[in-house]
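So, here's a batch of structures to check.
What follows is a pair of complexes built around chain A, which joins chain B in one and chain C in the other.
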Partner chain A sequence: MAELLQYLITGLAVGMVYSLIGLGFVVVWKSSGVANLALGAIVLISSWFTYGMLVQAGLPLWLGFPLVILFALVLGWVIERFALRPLIAQPILSLITVTLGLAYFIEGLVNFIWPWSVDALPRLFPTEPIRIGLAVVSQEYIWVASISLVMFGLLTLFFRYHKMGIAMRATADDQLAVQACGIPVTKIFSMSWMFACVVAAVGGILISSIGGITYGLVETGLKSFSVVILGGLDSFIGAIIAGPIIGLAESLGGGYLSPYIWAGVKDIIPFIIIIIVIIIRPYGLFGEERIERI
Partner chain B sequence: MSLPTGTRDYTYAEDMAIIRTKTQWALFTGFLIFLFTTPLYLGNYWLGVANLIGITIIAATGLNILVGYCGQLSIGHAGFIAVGAYTAAILTNRLELPFLVGLICAGLTAGAIGLIFGIPSVRVKGFYLAITTIAAQFIIIWVINHWQVTGGFVGIKVPYASIGGFVFRTEASQFYLIMTIVVLCIFFAKNLARTKVGRAFIAIRDNDLAAQVMGINLFRYKLLAFFIGCFLAGIAGSLLAHWIGFLNAEQFSLTESILYIGMIIIGGLGTTLGPILGVTFLRLLQQVLTMEVVPFLESTVALPAGFASGVTPMLFGLVIILFLILEPRGLAHRWTLFKSSYRLWPFSY
Partner chain C sequence: MLNLNNIEVTYLNVIRVLHGVSLEVQEGSIVALLGANGAGKSTTLKAISGLLYAEEGEVTDGSIHWNGERIDRKSAEEIGKLGIIQALEGRRVFGHLTTEENLLVGAYYRKDRRAIKQDMAMVYDYFPRLKELHHNTAGYLSGGEQQMLVIGRAMMATPKLMMLDEPSLGLAPILVEEIYDIIKRFNTEHKTSVLLVEQNVRIALSIANYGYVMENGRIVLDGSAEFLKNNEDVKEFYMGLTAMGTKKSYREVKHYKRRKRWL
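Moving on, here comes the complex of A and B:
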């Protein structure tokens, strides 16, 4: 029982981070129709940048964290401006492969600057375990879950009430109409990339504050694809709901299936979910089913 | 038209021939002779590079049929190569079957696994398919790492290839083996594109709904594309296994898959020449960078520690991005441009 509760809590917390990263994907996909496969690499490089700020430069948290956000903003702008903007209206194949190229480049950059490839972030949250009922859970997970929840709240408010958020939703709906209203669509594109990078950075910091910075962060980014596939590529709600589902499946499956199958089954559960969802219900739980015409 | 003036056809067979003029025949024979005498004037080191290039060309040709002709994006190609490599390794090492049986079985197994992961392609395309194949890559590698038979994390040894008692032990003998298969594969790919199947692939790539309306069975042809693409990947995997002699799942990572996509993009999608040029370009770049440039720079200038491991992927990523932006039709297109301007010289435009 205690075990179950523990799995539930860690699964939910990690799943919420997946949602957060997945949201960044959804925003870019909705506004510009680009599938961002470089998500994992962006998570990786922003975690390393955090490491660089907090550990190598020794900055305090209140200064280091805004710098990381600033870095993510710049990264998003640069990616959109120099890699994606020249490819507007190209076939989807080019749009997907250019993000693969980006992923390759960013991973090389990380290797270049931080060649030792594994390290730990300083503890951001208190680590004393706390008791919830029978379960003993590291406090970090609670912190991560609540920070993710706060982020969801902020993002919902942003998309609902802020002028830019409304413009982004409008772009997702109809690019031509938005352009006719005088909203610069290219600016929205770069906004959405900056947004995606920021949430990926926050997600990366949360994940790596628990598990350390490893190459596995790229996989974390890829796992959040299972979130968007399950939730539906063009649905914010879908991403928020599907994240905890994936997280739970991962932690419960990893906890209870490992003795029966080979160890490490945890790592591929999200990928198996991807295949099942794509075969059964490709547009996801909340996605819009597209009917194609010639 | 890409023919000199005065070339006439008297039969349909002549019209359809790939090699049309005497000059082309002469160049083609000359090239084949040059290719198969290469071991005479290349050292062992460069023969090894050529072998790697040959193996990669086979795999990239398969991927090109899948992505370039049929338009089904697959980012799990290294996974399918791994399936072929491990099948060959298990059959020849653990069961001690002959090399040729291993080779064919490697192709068939990889093709069968490709069919399984290709099934979603009937319903989805674009990003969804890309994600499915990434998932396939991870699942395949995970199974290889955890299954007893494959040797797991430890890896597995593979004996040298041998046909009828002759053992391909030296780089030069392996060169002949690999290049023969490369030539056969390219011949197959070139002709496949001109058949009914190839035309169906191209129709599916350009618009799959329209192709379906025209009476092309999407299910059959998409799966066929997956089978052929992964079959060639399996063949390449088998050759790779026998060439390296030792397998470990690390050799078939996701980055390798991305590199294969990069190769066919740089070479030019949907051309037979594309994979050859792209593979040669990227593999040579890789070799020269890691073996010549980086050691040279390290011995002359003080470099940061991550330079050696970081600069190659960075440059590859950059090359892929730049090609997509500046020359999306790849090196094959540049080659066509060069040929036409050469033919019209001195009045090229």
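Moving on, here comes the complex of A and C:
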């Protein structure tokens, strides 16, 4: 029982981080139709950058964290401006291929600057375990889950009520009509990339503050990709709900099955779920319906 | 106010669709751009609004001036900021947004929240139907409602020149009349110039001050609405009337076509 609760909480927390990173994917996909395959690499480099700020430069958190966000914003802007904008109006496959190239470029850059490839971030959250009923859970997970929840709330408000958020959703529906309203779509694209990089950075920090910085962060990005496929590529709510599903499947499956099968089963379960869901609902759990009037 | 001076438009560097189009829109007037499918009407509008670039088209010759300023090299957002707003053909609402959000997107550039609120009320005043539907998802509105929404969205940008691309397309005649009444009212009450692309010549000329007829990428005839309404060729080819002004009877249709005099 105690074990179960523990698995549930860690699964939920990690899953919510997947959702958070996945939201960045959804925004880029919705506004420009580009599948961002560099997501994992962005998570990786922003975690290393956090390491650089907090450990190597020895900055305090209140200064280091804003710098990381700034770094993510600049990264997003640069990626959009110099890698993707020149390809506007080109076949979408070229744009997706560019993001793949970016992924390798960024990973190479990380290897170049931080060649030792594994390290730990300083603890950002108090670590003493707390008791919930019978279970003993590391407090970190509760913190991670709450921060993700707050981010979801903020993002929802942004996309619902902020002018820019509404315009970004409008771009997802009809780019040309947005331009006809005199709105610069290029600005919307670059906003969506900046947004994607920021949530990837925050997600990266949350994950690596618990698990350390490893090459596995790229896989975390990949998992977010699968979260988004499960939830529906163009659905915010889908990403938010599918994250915890994947997280739970991972931690429950890992906890209960790996002693009997083999240790790697944890990483496969989410993908098995995805394959099943995609067979039944090809556009994901919450993929947007095409609105068609007859 | 708006001057097109002998413009040529080429798509993809090879397909020339406009061969020297000149037209003028006076301040506060309604100008109709008439013609059949493929005449180049929509392309002319896109050349003005700067949307050509999104479709790999380009103004290759001639110039477009707005209050003396040359705008044919400007981007769509710069032109939008100048107050030239186009409502695209085919009721392109943002399907997953609500009616109200659609209108807000139209007001994207404006900072003054109070003025935006007032204009929202103004749009709802012009289109009371939209007020009832302000929380509904735009994709599920009826065709007429969507057309109203598209025009309302253009109004929200407080345009100086509103360009409407076939607002009558696919709508019931009674709705068409309602929408045209509103366009006319908006034009008189706000002194907004309107450049109207239309195939429905009769209704367009009922509110326009001036009209141009396009064919194959050229302007073949222009004149005041009165002049065009009484022109034999316009009547024959665009309004389906005979020279006598009565409805054409297909019993008497001859095997040869009347020759258009302007060609």
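The working rule: the second predicted complex is superposed on the first by the 288 of 294 C-alpha atoms of A that agree within 3 Å, B and C clash if a C-alpha of one lies under 4 Å from a C-alpha of the other, contacts with A are read in each partner's own complex, and residues count from 1 in each chain.
One rule holds in what follows: a contact is a pair of C-beta atoms (placed from the backbone, for glycine too) under 8 Å apart; a residue touches a chain by one contact, two chains touch by 3 or more.
Note that the structure is predicted; figures quoted are calculated from it, not measured.
Q: Looking at the overlay, does A:9 come into contact with chain B only (first), chain C only (second), both, or neither?
A: In the superposition, A:9 touches no partner, neither chain B nor chain C.
Q: Between chain B and chain C, whom does A:183 touch in the aligned arrangement: first, second, both, or neither?
A: Touch partner of A:183: chain C, not chain B.
Q: Does the superposition put A:169 against chain B (first), chain C (second), both, or neither?
A: Second partner only, chain C.
Q: Using the superposition on chain A described above, determine whether A:272 touches chain B (first), chain C (second), both, or neither.
A: First partner only.
Q: Have a look at where A:89 lands relative to chain B and chain C in the superposition and call it first, second, both or neither.
A: second
Q: Contact-wise, after the overlay, does A:147 reach chain B, chain C, both or neither (first, second, both, neither)?
A: In the superposition, A:147 touches no partner, neither chain B nor chain C.
Q: Let me test your reading of the model: by the given contact rule, A:114 touches which partner, first (chain B), second (chain C), both or neither?
A: A:114 contacts chain B only, not chain C.
Q: Tell me which partner touches more residues of chain A in the superposed arrangement, chain B or chain C.
A: B
Q: For chain A, which residues lie in the overlap of the chain B contacts and the chain C contacts?
A: 293
Q: Can you check the complex and tell me which residues of chain C touch chain A?
A: 49, 51, 54, 56, 75-77, 79-81, 85-88, 92-97, 101-102, 104-106, 108-109, 137, 139-140, 142-143, 153-154, 157
Q: Taking the complex as given, what residues does chain A use to touch chain B?
A: Spelled out, the residues of chain A in touch with chain B are 29, 35, 37, 83, 86-87, 90, 92-94, 96-98, 100-115, 219, 222, 225-226, 229, 233, 262-264, 267-268, 271-272, 274-275, 278-279, 282, 292-294.
Q: In their shared complex, at which residues does chain B touch chain A?
A: 67, 71, 73, 75, 117, 119-120, 123-124, 126-128, 130-132, 134-136, 138-139, 142, 145-147, 207, 209-210, 213, 255, 258-259, 261-262, 265, 269, 304-307, 309-321, 324-325, 328
Q: Quick one: in the complex, what on chain A touches chain C?
A: Result: residues 89, 163, 166-167, 169-170, 172-184, 288, 291, 293 of chain A touch chain C.
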